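Input: structures, listed below.
Both complexes shown next keep chain A, but they swap its partner, so chain B is in the first and chain C is in the second.
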Partner chain A sequence: MNLLEVINLSVHFNTYQGKVEAIDEASLTIKKGEVLGLVGESGCGKTTMARAILGVVPSPPGKISKGEILFQGKNTLLMDEKELNLSIRGKAITLIPQDPLGSFNPLFMIGTQIKDISIRKLKGQSETKGAENDKEKWKQKVFEMLNRVQLPSPEAFLRKYPHELSGGQRQRIMIAMALLTDPLLVIADEPTTFLDVTVQAQILQILKHLVRQEQVSVLYITHNLAVASKISDRIMVMYAGQVMESAPTDSFFANPAHPYTKKLLECLPSHSREIKGIPGSVPSLINPPQGCRFVSRCDRAQAQCSQMRPAQVEIAKDHWICCYHPYIKS
Partner chain B sequence: MTTYKIIFREFLNDRLAVAGLGIIVALLLTAVFASYLAPDPSAIFDINPAQKLMAPTREHPFGTDHMGRDILSRIIFGTRVTIVIAVIAVGSALIIGVPIGLIAGYYENWLSGFLLRVSDIFLSFPQFILAMALAVALGPSIENAILALSITYWPWFSRIVYAETLFVKHSIFVEATEALGANKFRILAFHILPNVLSPIIVRATIGMGYTILTAATLGFLGVGAQPPTPEWGLAISEAREYLPGAWWFATFPGTAIFVVVMAFNMFGDGLRDVLDPRLRISGK
Partner chain C sequence: MADLKERTKESDHSILEVNNLKKYFPIRSRYLRRHIGWIRAIDDISFSVKKGEIFGIVGESGCGKSTLGKTILGIYRPTAGEVYLNGEKIDNLCWEKIKTVRKKIQYVYQDPGTSLDPWWRIGKILREALVIHHKDLGSNEINEKVKSILKEVGLEEDHIYRFPHEFSGGQQRRLGLARILILNPSLIIFDEPTSGLDVSVQATILNFFKEIKGIHDLTYMFISHDLEVIRAMADRVMVMYLGKIVETGDTELVFQSPIHPYTKLLLSALPKIKPKSKEDESEKLIVGEPPDPQNLPSGCRFRPRCLQAMDVCSREEPQIQQVADGRYVACKQIDNENNVIRACTSECVSARKRTCDL
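So, the complex of A and B:
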């Protein structure tokens, strides 16, 4: 069964310049225990997607104009704030944010901020007896989790302020916090972007390991295809608010079918050939092109492409693309 | 813990601020123990025409006023009036202004616009004239002076808190807290408010001095404290007729106002330097 199903989601922002169509009928599904890598350039709607799933699209100016978000079969867009706060946000769906320093409140010790989550958790589970007992258990769990993200001597960390830790340590704590409430889905919004490559590799390792152990599903948002390939079971590419291609990781790298994906892969640095860019730039999302939004930068584009959006087609098992003229080996 | 130590040490290096704090502490102690400190506590209200307008002597170090009351005792008891006015006025301005600033800054809807425009309307009147008009309209008394001061002072707080909230609410940790499912009240009270506290504390401290000055002015103009309250501004007003002969009658209450307002300003400046280094003006 699909844990999360986003169906034809459209999100726009009303700005002074006009209506920015940030996400245009994008769909995605995440199965239980699956890691979906959501890849795309800056401004393609990755983070907006994450926010929509958590129900925290800033509104105004943002507005979800169309679509459904089914989490365990229930449409979260129809839930009220209270229900979202109690059962979804920070509980069933947690977030590992991009900037581990900015995401901590600078005024409170790490321990205090972890405790804040535990209060929610305890409230939700057993309000009646054995609260003290629960507290002890919870403390154990926090320590255990901090050990599992490879932070030795957790007691010392709990008494520190966010600015006293290194980027890697902060991000590990963020990961531990995201996994503390036994979530079903973790949204990781480029959690390694701000880190050194060496630390990046460690963090990815830890995250991957924990995800396998805990059997949680992950929506891993990144602009880095290499990172996505390391962690994801499936990869989905977005461009200017539209989904371009979605495929199992192996199939994705072996047979990229969408012209955009193909070009994106050519942008990866490598020994053997020169790095290519993609000429042109992302179209303005105010009055974007009618059809496929990649049309202005695509070699294979024809008249048809700019008139109507191509429908999603399955070209191989579980390999979906939105393109009239894909690269398909015949 | 270390952060507080650093702040404390830095504060101690600022001699003026420490002096200001010392005077404020002395003021508070004086107010609390007024009945023990005053040489003649019974005589602050008692009229004694035989002793009127006596120059400072050993018995009356600051002299006596036109009703023969000991001026030193009246100044000592005046600290109570002063502190009550300042604390209540600034306190209520905080209670009104801070939540309005937080709400106006956090939400981006009609309510926020409405609250800001109301603050603007209050700010567009000269504060002192408005306080005076209110005090006159409601009838001259200490209570009404306090009310007038609170009503005219809160927009300053709401403006500062609004500006700071606008800045803090876009912090990533606020977004992260929203994503964790914290409700709006929690975000405002436990995450944004502590982050905007420094400018509030600084403004409130300087505001104390300002409020004491304004209250004294209202008393001087006859729309604040009424006789026979031992209020400093009122005392200066009463002394006018006897100047320059009975110089001590106006000089000592005036000095008291000056010293206390100065102390709050020095303390507030010192606090600002350590709490809000962005606004530091002294060339350190």
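So, the complex of A and C:
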């Protein structure tokens, strides 16, 4: 069974300028223990997707107008706040934020902030087990987890304030905190954007290792295709709120079929000295084009593309795309 | 060091020469503000930039890349050392003379979103440079110049009435460059020119920078922590670690056959797209983070993270030496064939083991 299934989700925001259609009928599935890399440029709806899954789309102005989010078969959109807080947010689904410094409270020590989670966790468990007994176990678990994210001597770290740590250390503590409650799904929202390449490599290694050990599923949001290729089992590309292509990592990089994906891969300045960009810009999400939203920048576009949105088709095993004129090797 | 100096003197067409530049920041005690030590942000750096080339500087955050750029420009006074622009000494100048130098060297700041004044319209922002540096120009001439520069960077004339926040990230970079081009500089220092941009926009902006360079016959200094960008843009590259040069040379050579262990580490940390099945599990593991610049390790600054560190590394600081034509490396362990001597001490074996266990 799929752990998470998002079916035809549409999210829009009401602004003074008009209705911003941030996500347009996007679907995704995450299996148990799978790492899904969600890739796209800024403003394509990656973070809105994460927020919708956690049920924290600010409303108003945001509104989920269509679709279902099935987590373990239950529709989270139909749950009330209390149920979400008790069983989903920070419990079954946790978040590793983009900016760890902004996510910690600067006035409290790291240890206090980790303890906050423990209070939450114990609250849920106290109905079944003795709470006192759990406290020691919990402390043990915190130390163990900090060791596993390669922070030696955890006692010293617990007594430090967030600003005393380096960016890499902060992000490691965030990862530890996200995994403490034994979640089923971790949403990592660009966790390495603010880090140096060497620290990024360390963080990716740690995350990959822990994910494999704990068998948690991860929704890894990033704009960096190379990072996505390193960590994820499947990659999904979004553009202006629509899903363009979704495929297992190998198949994705071996035969990218969607024109947007192909262009995005050409943008990477890795091999040749000649860098290609994508001409044009992302369409405004207020009154977006009717059909495929990439139509204005696509060189394969035809009349059909701007009239009707292409349906999702499977071109190879588990390789789905939304395009009328994909690149397919014949 | 003697080699480097000779080289800079030989090449007549070098536009910028930096000799033994140092910039130390004082550390002061908490309450009495007594001077208790130095942070050596730039420590004895020498290099030269040839006319018309793109010179790249890479390194992790905190290695002194931006400080170097600002010291060259004279925003920070150097502690020691000399900076020459076209053979003219430009460090430690008086205020009036600095102004003339700043017409020729310009600095593009990291984040144009915050470096453009949010309360000023674009017209005023672009006019400001001319008002300061070209007092002889009339307001009509200034307006003409502003409009033509906007067209040149791919924006429209009536954008002068807009505010900076009304532009996208890519357009803001173009504006950042426009207000600099208006002065006809000969050397432009870019500080992290593409951080925070999407890849598709990044590619267009980099191409745009290259195009402008061709038209105006400019020289660029690219400061970035993004190795891919440097590889795509720079002709020569300088790798810095904690205020020191560790390796310089032609970009392709440095990227294809890195010599210094730190350069190797940086390159191995770069995420590459490769099929999952081919991925080897025994990937090189990366050790540690840069040490606290307040108390640097003895000898080589990279020693605590270096897997090939030997006893000699903790005793002596390595001097930069020429290993090939135009290729300089600062490492104690280079033999005659330019290979790093592989010496695995018990210490580094245990360090490697520790990271493998995770």
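The rule is short, and it goes like this: the second predicted complex is superposed on the first by the 325 of 330 C-alpha atoms of A that agree within 3 Å, B and C clash if a C-alpha of one lies under 4 Å from a C-alpha of the other, contacts with A are read in each partner's own complex, and residues count from 1 in each chain.
As a working rule, contacts are C-beta pairs under 8 Å (C-beta built on N, C-alpha and C of every residue); 3 or more make two chains touch, one makes a residue touch a chain.
Nothing here was measured: the structure is a model prediction, and the numbers come from that model.
Overlay on chain A: chain B and chain C fit together in the combined arrangement. In the superposition on chain A, A:Gln307 makes contact with neither chain B nor chain C. Across the overlaid pair of complexes, the angle with its corner at the CA centre of chain A and arms to chain B and chain C is 80°, in steps of 10. By the touch criterion stated above, A:Leu86 is placed in contact with chain B alone, chain C being left untouched. In the overlay built on the shared chain, the residue A:Ala226 is in contact with chain C alone; chain B does not reach it.
Contacts of A:Gln140 after superposition: neither chain B nor chain C is touched.
Of the two partner chains, chain C is the only one that A:Gln150 touches; chain B does not reach it. In the superposed model, more residues of chain A are touched by C than by the other of chain B and chain C. Touch criterion met: A:Tyr161 reaches chain B, while chain C stays clear of it. In the superposed model, A:Leu95 makes contact with chain B only, not with chain C. In the superposition on chain A, contact is made by A:Ile117 with chain B only, not with chain C.
Chain B and chain C never share a C-alpha pair closer than 8 Å once the two structures are laid over each other. In the superposition on chain A, the residues of chain A contacted by chain B and by chain C do not overlap at all.
Interface of chain B with chain A (complex): residues 3, 108-109, 171-173, 175-183, 191, 194-195. Chain A makes touch with chain C in their complex at residues 41-42, 148, 150, 166, 168-169, 196-202, 204-206, 209, 223-227, 229-230, 233, 249-250, 253-254, 263-265, 267-270, 273, 275-279, 281. Taken together, the chain C residues at the contact with chain A in this complex read 60-61, 168-169, 198-207, 225, 227-229, 231-233, 265-266, 268-277, 283, 285-286, 289, 355, 358. Residues 51, 54, 56, 60, 81-82, 84-86, 88-91, 94-95, 97-99, 102-108, 116-117, 120, 161 of chain A are the ones that touch chain B when the two sit in their complex.
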